[in-house]
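The letters A, B and C name the chains in turn, as written, and every chain counts its residues from 1.
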Amino acid sequence: MDFLFSKTDKEEMNFFHLFDILGTAAFAISGASFAMEKKMDPFGVLIIGFVTAIGGGTLRDMLVGREPVSWMTNIPYIYTIIISVILAIIFRKKIGKLSKSLFLFDTIGLGIFTITGTEIGMQNNFNPIISISLGMMSATFGGVIRDTLCNEIPLIFHKEIYATACILGAMTYLMIQPLQLPIEVNFIITIGIVIAIRTLAVVFKWSLPSFYKQ
Amino acid sequence: MDFLFSKTDKEEMNFFHLFDILGTAAFAISGASFAMEKKMDPFGVLIIGFVTAIGGGTLRDMLVGREPVSWMTNIPYIYTIIISVILAIIFRKKIGKLSKSLFLFDTIGLGIFTITGTEIGMQNNFNPIISISLGMMSATFGGVIRDTLCNEIPLIFHKEIYATACILGAMTYLMIQPLQLPIEVNFIITIGIVIAIRTLAVVFKWSLPSFYKQ
Amino acid sequence: MDFLFSKTDKEEMNFFHLFDILGTAAFAISGASFAMEKKMDPFGVLIIGFVTAIGGGTLRDMLVGREPVSWMTNIPYIYTIIISVILAIIFRKKIGKLSKSLFLFDTIGLGIFTITGTEIGMQNNFNPIISISLGMMSATFGGVIRDTLCNEIPLIFHKEIYATACILGAMTYLMIQPLQLPIEVNFIITIGIVIAIRTLAVVFKWSLPSFYKQ
């Protein structure tokens, strides 16, 4: 996400890069685990790990016209994904025990990717509704592509408050812009909102209201 | 479809915009209905409504390199889709009764999106076979993406004369260009062809010849 | 693949174009056969033939930003695909007997598309890991899209050394560049590697190591 910051920002933003890498790793591990449940071979596991980690941002870049898409020129992310997938394969029997850490990293990733997408929308002067959509898509459509390639109806279309957390995060991020807070504060508030909503949703088993008869 | 017309054309083309909006709305409703049959949650219903309405045009824009893709800068269409999906959810039990109007709007949408895609192909000086393909894809690939996301083999690959109506409409649109008719006449003829073929196909249960043994 | 060669190269490279056309035809036939197994109608068979033949290159072009994507301005390939699909439909009962020739053409296609993608990556000065990925994707993702549209988990994610052959071919192609061999020699070596690995894999039933308990 280098493009988001001026040089001075960058020096201050190492913690953000760390989060970004953690989120990418968590998404790659979640994809790899999903592929292993489907009994894919190592190549399939690698590709599904990749697609889960970079699919949302790739779709966003192709829709906006930011090409070559960002992972093509961001080799550290490629290595992060490859290493994460290899670790997921090696420790596949122990991933269950790490599920709380992974849930946290995954949700951090969700928050960070939401910010990236929303920010790109703002930089292109898109309507806020488009910027929010880009934020949500960056964060969630990797999972949509993963589910589609694994021959499942995408999870976020029928379960879990997941995209909703991103949408509310993106709205928050837009709404606090006029306050001119330091960019780190904006990030922390937005990621905090996403983490809070998703965690509360899981703890209290929130879901979107269903309008189908039981 | 503002880009298609000069300013004077635009003033005359309000009826076209009306049709375009009607087609978009019909596609969104058809997508939302499909998602509700799959028992998706409201977010899933919204996304499938969106994808059905804008998927074909989005793929076309990405193939041609018209980015950001058109719905990103066409907010009225976004609102049309959101309102259509909300109405589809509210009146989900009554949609069956409206099926004739919806069929008409859907087919109008098919005709209009065929024209948009074909026109974009011509403006890019593509070979006619490419322009026709772009017209057909603009009209039908939203449905292909909808079906794929809903974990079905796309309907148009094994049932119904649907894409064929668009291909014949696009061919007509290209063939009448040299006649230098007013653009409205070209539109009406093309949309008329698409509506006629699809309606006749449904009424007489036409389908493409099957070459499989019964 | 005209863009890859200077004018003098072109005159020498007719044999390459022949291979490229053969590969495209083989991919289209493989897609069409797959669609016929799924009992699709002629339109579906045509689209799946197309997608199998051009899907990988199309995704590559969209990721890199080479738009309009290459088949839009390469009409001979369009005709090759249409004719191949028609022949596949007409001779659908005899395709089984041709399976050895088709396997050969298909594998030649795999090798050629691997080279195209890798070469495009190099021309864009991408990291070698990205160039190799582009080579592999150009060759194999048409099949991934075909399988996804046909509602199957993509074959290459759980069976057959197929993508691996392309990856090793792409690595070879990159590694022999510094030798400054004539471009035809590079091509022949790379395609030879892909053919050899895939053929040996099929003959000896190689697959990637599985890490699931039996």
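One rule holds for everything that comes next: contacts are C-beta pairs under 8 Å (C-beta built on N, C-alpha and C of every residue); 3 or more make two chains touch, one makes a residue touch a chain.
None of these values were measured; they are calculated from a predicted model.
Student: When the Cα trace of chain A is superposed on that of chain C, what is the rotation angle, expressed as a multiple of 5 degrees?
Tutor: With C-alpha atoms aligned, the rotation comes to 120 degrees.
Student: What's the call on chain A versus chain B, same or different interface residues, using the half cut on shared numbers?
Tutor: different
Student: From the mean C-alpha coordinate of chain A to that of chain B, what's the distance rounded to whole Å?
Tutor: Each chain reduced to its C-alpha mean, chain A and chain B end up 31 Å apart.
Student: If a residue has to touch 2 or more other chains to count, which residues of chain C qualify?
Tutor: As it turns out, chain C has residues touching two or more other chains at 62, 65, 67, 148, 151.
Student: Any idea which chain A residues touch chain C in the complex?
Tutor: 35-36, 38-44, 47-48, 58, 62, 65, 67-69, 72-73, 75, 78, 89, 92, 148-151
Student: Give every residue of chain C touching chain A within the complex, in rising order.
Tutor: So the residues of chain C touching chain A come out as 62-65, 67, 124, 126-127, 129-130, 144, 148, 151-154, 156-159, 163-164, 207-212.
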